[in-house]
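First, the structure itself, so that you have it in front of you.
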Amino acid sequence: MVEINLSFLLRLLADGLLIGFIYALMAMGLTLIFSVLRVVSFAHGEHYMIGGFAAYYLLETFTGLHPLVAILLAGSVTFAIGAVFERIFLRPLAEEKVERPGEYAILVTFGLGFFLQYLTLALIGPHPKKAARYFDLPAFELGPIKATAATLKLGTIPLSATRLTAAVIAVVLMLIMLYLIHHTWLGRGLRAVSQDKQAAAVVGINPLRMSTLAFGMGTMLAGMSGAALVPAFAWVPAVGAPAAVKSYVIIVLGGMGSIPGAMLGGLIIGVVEALGTGLLPDPNRAFAYRDAYGMLIFALVLLLRPRGLFGRQE
Amino acid sequence: MHRKQLLALVAMAVFLMLLAACAQQAGTPQVVRETVVVTQEIEKVVTQVVEVTKEVERVVEVTPVAGRCAPTDPDEVDKILIGATGPLSAPGSVVGGLVMQWSLNIAVKHINEAGGVLGKPVDLIFYDTEGLPERGTAVAERLITQDCVVGIVGEYHSAVGLTMMEVAHKYRVPVVFAETWNDKITGSQYDEIFRIAPTSSMVAEADANYIQDLGAEFVVIVAENSDYGVPASEATKERLAQRGIDSEIFLAEIGTQDWSPIIARIQALDRTPDVVLTLVTGEASYNFEQQAAEAGLMPTEETVCIANQVAINSEEFWQNVPDGNYCVFRKVGLVPALANDVTRKFEAEYRQQFNRFPESYALEAYDSLLIMADAINRAGSLDPDAIIDALEETDMIGAQGRYYFPYGRKNPVPPDEPEWMWHQWPDPAVLFLQYFEKGQSADEAAVVWPEKYQTHGTFLIPYGTTP
Amino acid sequence: MMELEVRDVHLHFGGIRALNGVSFSVRGPELIGLIGPNGAGKTTLTNVISGVYKPSQGAVYLNGERISGLPPYQIARRGVGRTFQVTRAFRRMTVLENMLVPAMALHPAGRRQEFVDRAHEILRFLTMDHLALEYARSLSGGQQKLLELGRLLMLDPDLIILDEPFAGVHPKLRETIWEFITTVHQQGKAFIIISHDMETIFTLSQRLLVLNFGQLIADGPPEQVKDDPAVIEAYLGKEE
Amino acid sequence: MKRVDWRWVLTGGALVLALSAPLLLSGYPYWLHVAIVAYFYAILASSWSLLAGYAGQFSFAHMAFMAIGAYGSGLMGKYWGTTPLTGIVLSTLLAGLVGLVIGVLCLRLKGAYLALFTIAFSEVLRLTLNAELDITGGPNGLDLAPLLNTTSRVPYYYLMLALLLASLGFMYWLAGSRFGLFFRSIREDEEAAAAMGVHIVRYKVAAFVITAMIAGLAGGVEAHYIGLITPNILILGQMSIVIAMAVIGGIESLIGAAIGAILIQFSLELLRELGNWRLVAFGLLLMLTLRFARNGLIYPLIERLVLYQARRAVIEGREQKAKQVGEGA
């Protein structure tokens, strides 16, 4: 039987936070897309998946390529995919030429996800791939803190190097995004369009270009989180689906279109899952229901406070 | 939240509780009994309608006459059609299906190079079963009644095999199952059903024996909640108990990525497991093993890592589980030492084509077709009974060794043997191999069980040592 | 005879006081104009009467029955019909279907054929009978406005609230709408018409309500309201 | 001159074909099976198009209702020893009840929110069916007794066909009745519909309950026909296939969705050899249809052949037909 003591709780907490940062990065892309296009992309998981594979194959083909470069390149790949898709399939939305835009967007992005997943499966097959660890930790021992190449051990709490890396990358990218959005012309443009298209157009911002950019950046973030995680998880074409579902939960929890919301939501979901899985008495059920914990929170949020923690009143 | 919504939620909860309660004390509630009365009337009508349609069918003869369309006389055909199935798309295990398809194609190549069957080329029709039982029914139906195959081989998922077997039984078409472990499959004792894969019981037995030989006292079994993981974990737990070894099962959703919470749980148990047994397939197993290694759960001095059998793909394994050195893994099939010409021929071809180490189910798939072809040859006819007789008398060397089916129609399963021994190859070799050098290939790995095949004279190369 | 009474209605969104103690009553087939500068709360008041918003304080009574707090469809069935600032025809339904909705909602037991005939009658009156089977989205903006009016008639309300019926319509159509209002009014229906178009509203309506900052600052016949200092102030600002 | 009325020619032809299929496919029980499954999907697709296309509720929980019908009947049979028919009847009601709850919970959710909520619902259901092994049989699936005591497919074929026609008939009647009218008015503009006296809540929920019951019924029958049901039927991929069928057929046309489903089911079967490539093509087709043919690929044909003609007839002033179009279209 599991005896619940502080170190165990701390460990669950640490695990939750670590994975939470990674969730948050993905959700951030989704929420960015929503804030500008008012669209939930149901292909988000597939961009994440493709980002991972892109990074993997880049590192395979160009040995000695720096991981961070690979991540950036992977990001630009998914950016391209996203931008092109937006241009072809979501443009009528931005131009407000579609009846019931919400539903159209759901279905068409859904179709994209379906298409991309099976395309990857058909092209590269089902065998799991995984990139080598990006950065080895320097081995050292400092009282309770121990580090090997793979793991950083804080007392009884082991933290995986690959995840630490991914989490750090996630935090950095999120900070960059926040800077972009709050301190550059691009960010101003995006925010303007997300608040009021017409007004933005009047002050000389091209809403169409902004939509393309926003969608591209959203998919880019998904791709980059995939690229950041490909050393942490065995990568297969179906890898995206669960991750995507997580980010839906997160953006609803944090409030659709709210970037701080996405970050906080990610952390909350990460922790809730860890605690739920860690603390539910029956070990079998505890783990089998893992994805359900997020779902339940999600359902409750939708019912009790549809605009989430930070969402603005629609 | 609206009052309506609250009410709805409450209503729902109450209803579910009622349902649960009724389910518990399997008594029939009033409402059901009433409906029964009504529906019984309707049912009478329905059955009559069915009778009528049957009558109509008899008149117009729409019912397929015995459905099975394969001719019995080999001279009527210019090639021998054999059906095969396996999962090629989700929710099935695509890896498994793909590998089996590859191996079966190699088998076809080899058979035809050797002059085919009854002097005619063999042609294989492979269908995707998606790991869905209902697809199993449909696909078997299609193979038998449309494509007119004389026999069926392969399949990976037990849940699918269980439905296919009924169809094959209905149309009397022989099947040699390659990688379906569920006891019930040969346990059905159908004339048509043969199996060369080990049954879950056999594998569980082997696992338990090895773990006993390791002298373990407490075992943690990590399993996926699938048609493979659940029965396997329970069978193993039971057998461990018989040997006085405690064990705890942790079930996880199939395809799980992040295992950290469950690993935390295992490490928070009041005793450290001597062995962690991984009954998780595909990429999920790699995720678990690597994350367990990073968390210092296994492999360690205290805890033996028994990885899933997919670890035999050394390249893939080291890529996905870089810190998995000293992990033991099960191999169903031959020790390199016992490899025969057939094995070498197949392995050579397989590696050269796909540059992977052939998994157990690769060899099984390959052999399943060889066995079917051999039986048809000996039967000298395509008549199902003749083929089934021939199969029962099988005695041939395949990639996994000598095949034979001790119990069947002529020689029924004795009471002291489990009924799944019917048409079951009794000695698929279940071995345990261990990596002891990072990046080493599966054939360099040490054989640690059973004792007679040990390459390093030990049940376990201790963590961190080199033999 | 229809009697609507708005009794001391307040409506607050968070801190904003959209309506601040509005009271007035409509007795019988009056033709009332509701005016006031932007953001005075005209549309909000409409929404309170038609049940979209529930007043934070005060109440609305229809023929003595308290209707504030009832869901919109209940209020509509009790005989209060309204249009919206922007035309909201059911775009992907035919004109005929648009007309049938209120009728069938109102009389669950009624015979479809009667409604169809009635709809055609009304459409003829609106001179758009030939469009009966076109999809609403294929109509011009003006025609959609007319369709909304027609839909209202199918609901057969005692009180009709029109939100900016003359906003951005060309003179020809404006006449049609004008004629519509007067004719329907003569048939004994009460109107509350929101409009920015002073000239029209002063000539059209028999009684004017003037809202400013959520308060009713004037209520009376146009000529009297015209030179009410409060009103002038509201529109032209205070002169020192 | 009297022009041929294609409507009757078409429906007549289709009916004759459907009814004689067992004869044409005699000796091809496999294709008969495919046809049965195709009808099953046709029921799902068309009922989903009633919910999504007519009432504008983009629910992803349709397969969940189907599964409730199937599992409900299976479990009742397992624990209460009910006969399949009893089970199906009861579990159809159960599906309706759950539909009621979901409908009420979804009252205030629109667009993406509704989609996400319903996805969450069916995912949780799938996880539960998987996890509660000892009750549901978990991933091994649940065995169900056969509905009819016959080894032949023919009776099942006619049963499923009857079910399809019945539900189509019922849904068309519904679409022509005040229900259909209000469904669409709600889809178009809830607020305006309310202002026209439409009881939004009632009709929204009604849409959920009715379609849930149809899905549940189909699920029950299908499960008893196959004889086994697994939680895998609930994976998002399965739902997306139903949606794609409806979209490609014509999301706002019941018959369009049904025909789309049948055609797609058959083509997916014929192209099975292509493995995953057929799904790639399928996904692409879905996207292109959405982008360039919002009314789907099948419905426009029907419209050209049938409705257009009817419209002309009406414009020539045949009041009678006016109603059929007013209802049917």
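Read from first to last, the chains carry the letters A, B, C and D; within each, the first residue is number 1.
Note that in this section a contact is a pair of C-beta atoms (placed from the backbone, for glycine too) under 8 Å apart; a residue touches a chain by one contact, two chains touch by 3 or more.
Note that the coordinates shown come from a computational prediction; the quantities given were computed from them, not determined experimentally.
> Treat each pair of touching chains as one step and give the shortest count from subunit B to subunit C.
Minimal hop count between subunit B and subunit C: 2.
> Take subunit B away without moving anything else; what clusters of touching chains remain?
Without subunit B, and with every other chain where it sits, the touching chains still make one piece.
> Name the most central chain, where centre means the mean of Cα atoms.
Measuring from the global C-alpha mean, the nearest chain centre belongs to D.
> Decide which interface, A-D or B-D, involves more C-beta pairs in contact, and give its chain pair.
Comparing B-D with A-D, the pair joined by more C-beta contacts is B-D.
> By mean C-alpha coordinates, which chain is most distant from subunit C?
Most distant chain from subunit C: B.
> Please report how many Å separate the Cα centroid of subunit A from that of subunit B, as a whole number.
Once rounded, the distance between the two centres reads 35 Å.
> Which integer distance in Å separates the CA centroid of subunit A from that of subunit D?
34
> How many Å are there between the centre of subunit A and the centre of subunit C, using C-alpha atoms for each centre?
48
> Where does subunit D touch two or more other chains at once, residue-wise?
105, 108, 127, 130-131, 187, 201, 237, 275-276, 279
> Mind pulling the residue numbers of subunit C that touch at least two other chains?
91-92
> Please set out, as single numbers or ranges, the residues of subunit B touching at least two other chains.
Touching at least two other chains: 5, 89-90, 225, 251, 253.
> Looking at the complex, which residues from subunit D come into contact with subunit A?
Against subunit A, subunit D makes touches at 52, 56, 58, 105, 108-113, 115-117, 119-121, 123-124, 127-128, 130-131, 187, 236-237, 240, 243-244, 247, 275-277, 279-280, 282-284, 286-287, 290-291, 294.
> Subunit C touches which residues of subunit D in the complex?
178, 181-182, 184-185, 187-189, 191-201, 252, 311, 314-315, 319, 322-323, 325-326, 329
> Which part of subunit B faces subunit A closely enough to touch in the complex?
So the residues of subunit B in touch with subunit A come to 1, 5, 89-90, 94-95, 98, 225, 248-253, 255-258, 260-262, 264-265, 267-270, 282-284, 286-287, 290-291, 293-296, 316, 319-320, 322-323.
> In the complex of these two chains, what residues of subunit D are touching subunit B?
Counting only subunit D, the residues touching subunit B are 22-23, 26-31, 33-34, 37, 75-76, 79-83, 85-86, 89-90, 97-98, 100-101, 104-105, 107-108, 127, 130-131, 133, 135, 138-141, 148-152, 154-155, 158, 201, 226-228, 230, 232-233, 235, 237, 272, 275-276, 279.
> Flag every residue of subunit C that touches subunit D in the complex, lowest number first.
It comes out as residues 50, 52, 71-73, 76-77, 81-82, 84, 88-94, 96-97, 100-102, 104-106, 108, 112-113, 116, 132-133, 151, 155.
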